[in-house]
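Please find the structures below.
Note that chain A is present in both complexes that follow, paired respectively with chain B and with chain C.
Up next, the complex of A and B:
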């Protein structure tokens, strides 16, 4: 599995590197958004797919990262290259502070807590008009400062920048899940009481997974802010968290590569259905139900079934 | 003989609201011993167990392991100190292979970023000890109850516990499987020097396996002694068969 994953990731990286060379700017724009969503679903998978607790606040951490990075550059004149790691770290620490008490709850209780936390963050972003400009949206965000003579005001340059950080994140997560840390996280998912009785500090590992996962959502948020250059609270509302969960399910939980592909597939299906805006989400919902009935393990499960590895 | 016992509890008490689940229990367990804890349903055996492993905090009293106070400590910490356990309702890591199940037991005790060669060796050794080597690649959820119990034991054993707490490890086993399990427990006690504490309903098991038995009823210790003493103790007979 590990080797097939490497090959698939290699091909994906190659295709993604080549896309801007021949595709229209519209395609490049859509793929950029798909890559941002892939970052969100891959990091989400680290928490929910590998460690277990179902969370509905990933979109909120994405938003915190985006607003933190945008506000740091706007209000303090900080460079993007400093603001991005700072906002990633801020979200990491913030998630640890929120996660420590919240992760004492198990199962549905944690899920419901994250749902309300996500909504709370949305309301804060919407109503802190003095800081975030609320429903008017936060504009005037600058693209990343030029580096090595590359001007990031250019969309293709931004595309490669997001691809670079996305690839970095995926490699980092792959190394983690294939290490002993990954095994301990999976043990929490499979049986938390047994894991604890076997000597796993479950509270620590759950908070760690939550923080790393959220930190990467914050990083994706920072990249989004300086790519899109306009932030609106609704971008980080419930719909986004829900979309992340859907992409993750379509791709296949706990496989890392599944959710990455799932994000791409879902983004493209939704784009292809733009010709019928009223029907878009109705068709999509039916499709989603069908996918989950046919193969609850998502695309990764479908692939394994074709290969005859798992019934 | 060393005077200090391996596990000792003094005045151990657990109240759930106004109900005493366990009331002022004193137990001493010497290293190398095979101790049985018996009692009618709802006597507080599992509560007592869960206090030993840290899952439940005692309301009062103290627990000492190798002379260190462990009451109030987190389960993962107690586990690392050398107390292994199995669960009344069998627990395994369902979606993982038997090998990975046991490897987690090893990694959880002694963390290395990548499992070491020694850890893989230890896993293989335990798998052959628990007769699971032919099924090491099977997903744990597909195993029979008896085999799952062996996986549970293997996860605990790979961490080299000094004390193993077995909560109703015979429940749901056939006669033949029960006999095999008793033989296996004898073996790990004598060969590996692991101290055993079993909570058990099946009297046959306790009689054949244990050297010393503690009887608990309504949360209180009512008798302690060798299997022979226990069966002839009129108070124990009263509790089990009703007052005469």
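Up next, the complex of A and C:
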């Protein structure tokens, strides 16, 4: 199982490395967005797929990371290379503070609380006009400073930068998931009470998983801010968290590689449906309900089922 | 002093909307374990149906209200019958999660359907009544009165009728109720229909005070979910008190603290209550 995953990831990395060499700039742009969403869904999978609690605040942490990074570079003149780790860490700590009380809740209660938290962050971004410029949007964000003679003002350089950090994050998560910590997290998902009775500090590990996963969302946000260079609160409204959950679900929970592929597939389908902007989310919701009816375990579940039948 | 009085009154009125949506959600959540986000979109669709019934068909307001309630009830009934029921037995591990995601997908779907059909432009719902008393227009007072009447009807239905008894039994222990001869499918259909009717009714009642637009259901839905968690399950009075209380706190907070964060107070209250009293203010979870 893990060997197949390694092969798939290797092929994906190879394809992603090659894309800017021959594809048009539009394709490069779409793939960059897909990679950012892959980062979000893979980190989301670490929390929800491996540890269990269903959360609807990932888009909010993405937004906090984006705004923190953008504001640090704009207001204090900090370099992107400092602002990105700082904003990642900020989101990590912030998620721990929020997660500690919220993760005491189980099941739907946690889900609804995070849903509300996401909306609250959206309100803060929208209403702190003197800091975030609210509904006007925060513009004028600089691209990352040149490093090793590479100018990140052009899109291809930014593409490789995001690919680099995305790959780094995926490797980190894979190592973590396959370590003993990963097994502890899965034990919490499978039976929280039993894990607790067996001596696992479930509260600590849940908060840890939540913070790590949110911290990576913050990192993706920081990359997004300096790639897109314009932030608007509505980018981080509940629709975004919802899309992350959908992509995660399309890919298949608890597989890490499924959500990465899911994010790519969904981004491209949404991009293809751009000709009918009002209808694309309708088609999309119907598709989601159909997936829930046919195979609630997503693409990974479908893959396993087909393979199981052949064997 | 007069401003304070007005704000408390307005808080009670918007609070009664939260309470109405929350009552249906509470019944659905406690019996089927589904936080039915789709109620937020039945709210929107019922408001549009009510609007068109008044403006296009020229029906009186009461007819529009009943029509809105019927549409809400029908949609909720169909969603339960065609979708949620598939996963009722919860034969696989993620079934609870699938139901929640299905609810959110439906919310997403209907919100976008409303947006595609009728555009995002807010529409005005014509006033159906003139005049005011103590600074409150009759239309505002009607919302509160209608909410209380609906609450009493639902309360009597739950406490005094045989079907109501079945609902109460199912909310305590669905498995045991089934063993004792309660038809759980009928109970589910019933609570979803009641929930849809209450959401639809709340929407048409409040539509003349504000305007009708596709995302009008978002905030009432979020507040109602908070009210359900705060009020605890299985308590009709708890829902009413928490709903009205939340409305008043928001109205006063908007006046004395900051109106920009009017819709954020519910979040603070939720976190505070969950930290101090994880089982909600009333009843059991």
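Quick notes on this one:
In this section, the second predicted complex is superposed on the first by the 308 of 311 C-alpha atoms of A that agree within 3 Å, B and C clash if a C-alpha of one lies under 4 Å from a C-alpha of the other, contacts with A are read in each partner's own complex, and residues count from 1 in each chain.
FYI, contacts are C-beta pairs under 8 Å (C-beta built on N, C-alpha and C of every residue); 3 or more make two chains touch, one makes a residue touch a chain.
Nothing here was measured: the structure is a model prediction, and the numbers come from that model.
In the superposition on chain A, A:170 contacts neither chain B nor chain C.
When the two structures are aligned on the shared chain, A:180 is found in touch with chain B, with no touch to chain C.
Contacts of A:105 after superposition on the shared chain: chain C is touched, whereas chain B is not.
Looking at the shared chain after the overlay, A:257 reaches neither chain B nor chain C. Touch criterion not met for A:64: it reaches neither chain B nor chain C. More residues of chain A are touched by C (comparison of chain B with chain C). Of the two partner chains, chain C is the only one that A:119 touches; chain B does not reach it.
When the two structures are aligned on the shared chain, A:200 is found in touch with chain B, with no touch to chain C. The interface of chain A with chain B does not overlap its interface with chain C at any residue. Across the interface of their complex, chain A is touched by residues 29, 33, 35, 83, 86, 92, 94-98, 100-102, 104-106, 108-109, 112-113, 115-116, 218, 222, 225-226, 229, 260-261, 263-264, 266-267, 270-271, 274-275, 278, 285 of chain C.
Residue ranges on chain A touching chain C, taken from their complex, read 54, 101-102, 104-105, 107-109, 111-113, 115-117, 119-120, 123-124, 127, 238-239, 242, 245-246, 249, 253, 278-279, 281-282, 285-286, 288-289, 292-293, 296-297. Of all residues in chain B, those touching chain A in their complex are 53, 55, 74-77, 79-80, 84-85, 87, 91-96, 100, 103-105, 107-109, 111-115, 152, 155-156, 159.
Listing the residues of chain A that touch chain B in their complex gives 179-181, 183-184, 186-187, 190-191, 193-203.
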